[in-house]
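Listed next: structures, encoded as structure tokens.
The two complexes that follow have chain A in common; it is paired with chain B in the first and with chain C in the second.
The block that comes next holds the complex of A and B.
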């Protein structure tokens, strides 16, 4: 699957003078490998949106007689594709229910980090000087510090709440946005069309918003898709350590944590949510690479 | 000549860039005035300060340029150099507009062209989205873009160079400025397209009653579109006069040399073009004497020691050469 996506990716190089964009998008849409990944992501997104409504069973319903059933086995309630947990709850249903919070935290945190990173990056790149030095020192500070450790410290002090997770996760991603946007803004700032916009009396605000930001949009989108995956992994890590999301709320990371003690007797408890998480992050990465090719931005 | 006060009056304009290599005097004590509806050509070789001079009037510098500006630029009586950034923002685009050299990079690549024309109308004229779009279509029609309704949403990459320059011109004239500064508007274009764009600029200037400042290194372009010419050398204004006077009675040795460089279609075919020997003077640090003296075949001691002022040699004809009158009499 991944191979076919990569193979068609190399053919996309041809740009015709007119209708180039349309042609690129058509090619983009007709590559089947990618379509499967996008379908997978859409399904995850749908699960996240509808919560447990699409789950075959109530994810909280316990069933003492059907404890730790392996995948593809049946209980008195019906068929369990991915098996059951120590309390007899359906794994697939739990994972579908967990998609909501997993995705919510990842998307919201990425957006928050993106907003901060893009704003700081644009200011640093456009104004330069002191603002630039300040922002760059901040990103260096972030890079130099083991941010995951900082997140652990923060959550230990502030308490393991979803809101605290959403507060600390953007700190992990904003520097990536800031340095990308800064470099691009510096390049665009010297473009003649920005000078022309100044010459026609545009305010700095409208230059940044209407002229520079739209030129960055595709690159920011490409990065954001990757970062959603990174944030998802970070959240899973925190939840795994027990300082992230707390039961009864659930995310994939928490499911992995709860399955870990049973690894020897019931491997599916940890492996299945882990696989789903891994596949989602992989799909996001592939999508991001494809977006980069389609939009003409180098990844 | 009418007694109307000049549209633009520049007095002792100096632009210095503070660079790592020292102070760069890009524009050095330039004074001139421009009447309403007058078209002036500014010619000079690369680095002579013609573009920087025009951009200095509107303080169009990058946020990182360290610039020292002195002098006065009176536009309809107000000194542009004394205005705040916000006040100047209003002048830019509404009173004075600029068309840049390279139409391929002067347009925002991700914004539909119609939107780019409408932008300044909405911003400066406070037009609604619909009214601005309508006006933008009219402007596209005016600058000669066929089927503006269909092309409104096209991106710059879907236009040719000449068409993009027409769009740049449409943006510039959107708010009907009193002065249009065209910075080498045809340099990046094919010869055939050049003349079309020049004709367009000329027609629009007459229709809209704008003054035009045409920056070019091409005397032919200036002769075809302008009423008067300013010749710049090394940040200095060395000669100014009507097109007719300057082309038939060039006074400054630099202008004379420049004219000898222009190939002529109506002259003798065997005439060899005569290059100007030497290099332009380094623009860094203090400089004394006539900027052209080192390359001038008529230079004497005084030229190297003292800066020549602008001598009036006939009506509307000035030359900054110590021997201007002498040369005028002998010509």
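The block that comes next holds the complex of A and C.
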């Protein structure tokens, strides 16, 4: 396991200039299992950025004669790895096209929630007192609330548009960031380097942003990776229920919903997009765990 | 969250629960009445401005915001959630009819999750790094990575469509409970498994376990008699939190997948028909479950804490 391996260096008496960080990262990067998942995520990211350019076929090209073909079947157009939908469109291409909006919503929402959570957490942790109590109260209330239900209501009232989804999803994640950052800031506030910064006349703002935040960065990044996965699942749920993203835009959640009526005759329509979504979230979870042991063990 | 002595804590926790419930109703009210325009929604499509204004006045929507909320909250407290636009019955009645199905599904799912997750968690925690441990752990991570509604669909394909062992959907007898409750059990059981596993792992190296081992007691006895006592707390609180997750939305996606006639399916049907009274009632009732369970878990934990650390 990563922990014991990282510790052996000190047990045998080896010391390196950077405290073993390079060795740990190199060991982490060369682990085969992880490379597969990182490669998968990079591929998904590539799909998201290039849209349908990398898809084998045009996702909107209908070919009704080749409708509802199971995976690994061929049509006059070519080979369909994941089959075709009721209008003959290639499933793999649809899924690749759906990656863009899925990832966009997930990343942007997580980022927004992270920004809010980190800001509030740092203020609560550093200033303490009334600010801290206020932020704590807010986090407690938010966590106790059935936020997903409120989101359902919000989207029904405001309309199921992408922009509304991006507005409401950060509300699901910011408390996690706020709690983490608050605890860490409180811990770091008493460290010597902060005292030194204050003594040398740094402004509070520069202490927070230039001194404390860099030390939090790895912990925040680990949490962010997990939360992107959670937000992706939440968005998929909302789109599946019909109150998230609407056609003609596609996300993986919406693709699952579209495939649902055909479950008895063409199971791959609903199952394949879900598989891609599940693998993506799984990759994020595994990556986040590795990141935690590789970087968090020391920090 | 140290609130002080047990009675004081109980009161404060209950107060907090009520505060959150109040906030939920306030948010629902604001979203429903101020942001959207109920008069426009309820008026016929070709209604003129005057007709819409008349409806607005009829519903009391032209009164000041504060007054509207007070009367809204007052009716809520008396159990009047308005009239369903879709079924022309009291909204609360519609919700109450759907409630038992949801309770049945979530409770059975919770039992499966609790039993399965705890049992496997203890076994895995007691044999760290074994094949059982590594396999089950990986499986739990996978279960928590996939969308729960997708897992439900997959199980339908395998067990209902291909193997024809159970019905595909609907509430048609106890067999139709197997798949939806099983799906919930798998996913929520996965998290229970993870927490019980790490708790068990911590316990097996503690002094009391070593003493028991040195007395010559068999490992299995130690596990199920002594360690279980200490992990039982974690099990109970995690089971409580998983129920919060279920009623907070997770169970509702499953209901939709399996066409289970519960609150979740009702919510989505109401949403698609723009039936705001029923949607509000469903959200508030489900929210109340979440808040009550949350408070119950906190109180339970605090009560146990007092017994372990008296005074």
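To be clear about the criterion, the second predicted complex is superposed on the first by the 277 of 299 C-alpha atoms of A that agree within 3 Å, B and C clash if a C-alpha of one lies under 4 Å from a C-alpha of the other, contacts with A are read in each partner's own complex, and residues count from 1 in each chain.
We adopt the following convention: contacts are C-beta pairs under 8 Å (C-beta built on N, C-alpha and C of every residue); 3 or more make two chains touch, one makes a residue touch a chain.
The structure displayed is predicted, hence computed values, not measured ones.
Room for both chain B and chain C is found when the two structures are superposed via chain A, with no clash between them.
In the superposed model, A:263 lies in contact with chain C only, and not with chain B.
Legend: residue contacts after superposition of the two complexes on their common chain; A:215 is shown touching chain B, with no touch to chain C. In the superposition on chain A, A:64 contacts neither chain B nor chain C.
Between the C-alpha centres of chain B and chain C, as viewed from that of chain A, the superposed structures give an angle of 100°, to the nearest 10. Judged by the touch definition given at the top, the superposed model places A:198 against chain B, while chain C stays out of reach. The partner that reaches more residues of chain A, of the two candidates chain B and chain C, is C. In the superposed model, A:281 lies in contact with chain C only, and not with chain B.
Of the two partner chains, chain C is the only one touched by A:242; chain B is not. Note on the superposed arrangement: chain B and chain C approach each other to a least C-alpha distance of 16 Å.
Within the complex formed with chain C, the chain A residues making contact are 140-141, 144-150, 152-154, 156-158, 229, 233, 236-237, 240-243, 253, 256, 260, 263-264, 267, 270-271, 274-275, 277-279, 281-282, 284-286. By the touch criterion given at the top, residues 18, 20, 126-129, 189-193, 195-203, 206, 210-211, 214-215, 217 of chain A touch chain B in their complex. Considering their complex, residues 58, 60, 62-64, 89-94, 97-98, 100-102, 105-111, 119-120, 123-124, 157-158, 168, 171-172, 174 of chain B touch chain A.
Considering their complex, residues 1, 16-17, 19-20, 23-24, 27-28, 31-32, 35-36, 141-142, 144-150, 153-154, 156-157, 161, 168, 247-249, 252-253, 256-257, 267-268, 271-272, 274, 276, 279-280, 283, 286-287, 290-291, 294 of chain C touch chain A.
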